[in-house]
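Consider the two complexes below, in which chain A is the common component and chain B and chain C are the respective partners.
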Partner chain A sequence: MIRDILIFWAKEFRFYFQSRMIYLVLLLYAAISVGMTLYVSDFYQNTTAGLYQFFKFQPGIMALIIPALTMRFWADEYKHNTLEIVFSQPVDYAAVAIGKFLAAWSITGIMLISSTGLWLVVGVMIPLDNGWIAANYLISFLMSGSLCAVSAAAAAFCYNALGAFLASMIAGMLLATVKISLWVENLLPDNAAIAELSKVFDFTRQFDDLISGQAGVAAGVYFLVLTAAGLWISVAAAEYKRS
Partner chain B sequence: MTRYPVKNIKLFYFICGILVAVAALVLGINLLLGGRYVDLTADKKFSLSPQTLELLQRQEATIRLYVSKDMGSSRLAGYASYVRRLLSEYQRKSGGRVRVNIIKVEPFSSSQASAEKAGITPFYPEKNGVPVYFGVSVTNATGRTLAIAHLIPERQKALESDMSRLLSVSAVEKQPRIGVLSSYFRVANEANVLDYAENMPFVKELEARGFKIIPLSPTAAAIPEGIDVVLVFYPLNLGQEAIYALDQYLMWGGKIMMMLDVFSEERFRDLETYISYNSGLRDFLQNSGVSYQENVLVGDNVNSRSSVLDGHYIKYPFWLTVTESHIAKHPITEGIKTLFLNYSGFFDYLPQDNLKMTVLFTTGSNSGLMKAENVAAMDYDKLSEEYVPTNKEYPLALLLEGKFLSLFDRPLIEDRDMLSILPPFLSLPIKEGALLIVGDSDMAAEFLWNDDMTKDTPAFETAFSSDNIYFLQNMLDYLSQSGYVSVPVKREDSVDMSLAAYFYQSAAARYLKSKAQIADKKIIAAQEVAQAGRTLAAVSMPSAKRLKELEQLQRELSAADEALRRIDYQTKENYNDYLSLFAWVTIILLPAVFILAIGVGYRCYEIRIKRKAEEYVK
Partner chain C sequence: MLVVKNIVKSLGGRIILHHINFCLQKGEIIALLGPNGAGKTTLMRCLSGFYTPDEGKIIWQDADLAEDRLRILKDFAYVPETGGLYPEMSVYEYLAFMAECRHLKPEEFADNLVYLTKALDLEAVINQKCETLSKGYKKRVVLAGALLSRPGFLILDEPTEGLDPQQKQHLRAFLRQYGKDKIILISTHIMEEVAALADRVLLIKDGRLICDTTPEDLKKIVPDNNMESSFCTIVGN
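Here is the complex of A and B:
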């Protein structure tokens, strides 16, 4: 199983670099995330040691970019009828899905590395908390894994790339930008129990909880659970459609 | 047979099942691990110190955090989030003994009234804007409430220290009584309270930190009963009665803290002239083996603070900075990282069998000595010529503990009626006492610990520049055995300088010297213009030559103004250029270089694979 996963991961990972679009996506990501840090937040005036202003935009930006990586997961297979060939081999659905997911997740890792120039340059000028920043990069990577899995699940229901892109983006944006706990708090101001409950499921709040320097273990597990659930739905949806 | 039950049930139900399972799992994990956190920061800014954890095991209290719904600035909102997180640690680690209530304050509501009742004061980020409330109150089991009326982000690294102090102060009903004996402070007769000088609000800070301050008369021959520590602050020509009182206080096991000063900058500012110093304590100190030269200052041209002179930052040797490497490990100095002293004296010590001596902090090895009157009279150039390092470290603060010997062999006062109201004379000690001496009193002056220097700032609300106030607090805690919790201030919690400040400083650096020169010229020109104007006003018919001279001077003055404006403009331009360059490098250049490197790497990999394939075909 692990060998199959690695084979599919390598194949899919190479596939990304066969198109020049990936370089554009990487550049777009770096420009948007650093640009937003510099021009949308108060980064110049209030530089935090953990580069919080940079990381807080990551869920929104990732939700926008990741669908471009996951939209071809299954759509291309359906289009070229290669899925039957793949599954005629002695491989599991899960190995294919996990391999594809890992390839997209690796690309998000490269995306994150492409933005480390900000860390390097600012670190030369003023002292930063490098351990905290490195941890925040890992947390962002974990969060991007969850978004990859959710996007993969949404894409698995669609037959064409555009549909997969839109479905993934809507799912990702709903998850990563809508602050459920704030809505609940405003809609039910007197119901503290429900407000507390909503915080547990709030993606942005959980991410914020992790990158603020005091990382909640439960928040970390939340992203792992979300990733596993997204992957499971993605595998199940692909199998269901094939059947 | 498949592992996924999608063929048997509809996919919709299956996904719903997964979502419900995920929800249950997330809830369960939150119940199990909800209280577990990992502090990722280098300075452990979210972790509580052992002192606080120990306090939380025995303390019951309710902490109320009052926060406005709209904080008016992202910086304050960010700090509010930090405060909430740290306070939730208090609740969690206390096992429920300390309860934290977060009260969202809305303008013109009952929450606003309750905030004001608890002692939280509003501030207005915008003119005519809505009031913002951001403060904290601590109520102990008996209902006693203490509050920090206004939490400021500048004190973020001291938040735990302040909160734990407030908690422990709220629990103690009997405060340590500190008698202040000073020639600097006046005692207001009617209320018998200290009428302390404007620049000495450390007294107010100490009161907020749980000490009861009681003024003592320098002419009384005895220290009143019930005084836990006597603080002798900047003594001047102390009379025999005061020395006798201090001597006998030590014999009875009293604790004394002395802040002497060869050259008080505060006093120099007041009087605008240097007056030689005489504490009157020479014999008293020598009796315990300590000598303090009352006309010699100690400087250090490495461990000192800078001053701007002719556009350059120059280290001024008599503005001492004492850093951790020169601070001894002792309960008094725990958590103290930086101390500022201005024009300090030093101590020599001859060991005594009956006393244990601890040097609390010293100067660095680049120290040198100079006579105080010379330092007061010299300008910087002359001073730097005459200053010669002696490569010796000089003690700046000493702690003596043990059984002190009396300076007196019989009672000072022989009047029988007076003797009857004084404590019995002791020529030998009956208990161990303590004497803590510091060579500078300016270290308590506000300009050496309050970075903000906003007058009448309440205690716990100043942006501090050094640990001087914590050192004073620790000294009194140690001597009075107050039982209060003293939590060290955390290390730097955020970047010292913002990026904007860094760029602005870089942009301004190249004009610093010329700007200072022009500013000097402007001052001279302005003085000359004023002088010429006065001369002209004195005569009824000024000559044309005089008028021309005045015009010339005014032209020089406006030229200097113009030059300063040009420098400001150029600085701003440079600043904008730096910002653009920084943005261009971080947004485009560095990511592009990285992506190019990946592209080249992948291309090389492809070529290698292709060659391998060709070789295989061949």
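Here is the complex of A and C:
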């Protein structure tokens, strides 16, 4: 199983660079990330030691960019009729889906690494908490994995790249930008139990709490569970479409 | 030996295959015939492990495909009618990827690569991108990918479609040689191919196996000893 996962990870990862799409994605990510940090946030007035002004935009930016990485997961297999070939090989269906997911997740890792220039430049000008920033990078990587899994799950229900892109983007944007707990608090102001429960499922809240150092292991578990759920749906959808 | 026992397969609420039964022996080249929509592709997809039958069993050397899928598929290979290539890959990259999927050792891959590129005349295009290949080359690259592990059961959907007469002849000679100690199932509409290659004919119509015979006996169904007329007679009735 691990070997099969690595085969498909390597194939997909190579494809990103062969298609040159990756350079556009990296450029777009860097431009939006730096642009939002410098011109939309209060970066110049109130730079925090943990670079909160940079990390707080990451869920929204990732939700925008990741669909470009996952949209062709299954659409291209249909387009080129390679699904029949792949699924008649002695490989596990889950290994194919997980390999594809890991390739997209690896690209988000490269995206995050490419943004460390900002950390270095700001670090020269003002004192930063490097340990905190490193932890925030790890948290962002974990969060991007969840979005990759959700995006892959949404893409698995579509037969063409455009449909997969739109479905992935809508799913990602809903998850990464809508503050569910605020909605629930406004809609049900007297129901403290439901409000409390909604905080558990609130993607942005969990991420904000983690990067500002207010949350613990439970928030990390939330992203891992979300990733596993996304992957499970993705595998189930691929199997359903096959049969 | 491959045993197909009572296979039933539905798609979109419609029964495509109705209780199909047959048995294939090593050394046989079998032509799968039938009108469009008869269920040939569905049957081949079931045999290739792509579809899981709703009922029935596919047994390969005493093991059930449904229970031992990953082990059995190492000995099966399927070439679909169209597509099957990753356009961004070169021929070599595609074959290397297929070898990885089939868990071949590097030395096995190297040996088979040399043999297949020579046998299927792919040496000239080995570094070329798949998207730039002609239809005939594409077909042969997919076939080479399927044959890398020298599978015991080879399933081919319209294998000579898009090939020029010389390539057809070359491929048929290759398949005759390969099929001496393997099982090859070929779906085709070309009766000339059935006559040139097959030892046995399976004819399906409306998802039912209606005829299991030899090409010679199939011809004898009509007075003019013509396979095409025999096919039309059986299918028409």
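List of remarks:
Here, the second predicted complex is superposed on the first by the 241 of 243 C-alpha atoms of A that agree within 3 Å, B and C clash if a C-alpha of one lies under 4 Å from a C-alpha of the other, contacts with A are read in each partner's own complex, and residues count from 1 in each chain.
What we mean here is this: a residue touches a chain if its C-beta (ideal position, glycine included) is under 8 Å from a C-beta of that chain, and two chains touch if they have at least 3 such contacts.
As the structure is a prediction and not an experimental result, all values here were calculated from the model.
Once chain A is used to superpose the two complexes, chain B occupies space next to chain C without a clash.
With chain A as the common frame, chain A serves as the apex of an angle whose CA-centre rays point to chain B and chain C; its value is 160 degrees, to a multiple of 10. If you count the residues of chain A touched by chain B and by chain C, you find the higher number for B.
In the superposed pair of complexes, A:84 makes contact with chain C only, with no contact to chain B.
By the touch criterion defined above, A:19 reaches chain C but does not reach chain B.
Superposition on chain A places chain B within reach of chain C only down to 5 Å, the least C-alpha distance between them.
Shared contact residues of chain A with chain B and chain C: 243. Against chain B, the residues of chain A that register as touching in their complex are 17, 23, 26-27, 30-31, 34-35, 38-39, 41-50, 52, 93, 110, 113-115, 117-118, 120-122, 125-132, 135-136, 197, 200-201, 212-218, 221-222, 225-226, 229, 232-233, 235-237, 239-240, 243. Interface of chain B with chain A (complex): residues 2, 4, 6-7, 11, 14-15, 18-19, 21-23, 25-27, 29-30, 32-34, 36-43, 45-46, 74-75, 78, 81-82, 85, 492-500, 502-503, 579, 582-583, 585-592, 594-595, 598-599, 602. Put simply, chain C touches chain A in their complex at residues 45, 48-52, 69-74, 76-78, 80, 82-88, 97-98, 100-103, 142, 145. Chain A makes touch with chain C in their complex at residues 3-4, 7, 11, 15, 18-19, 80-82, 84-92, 242-243.
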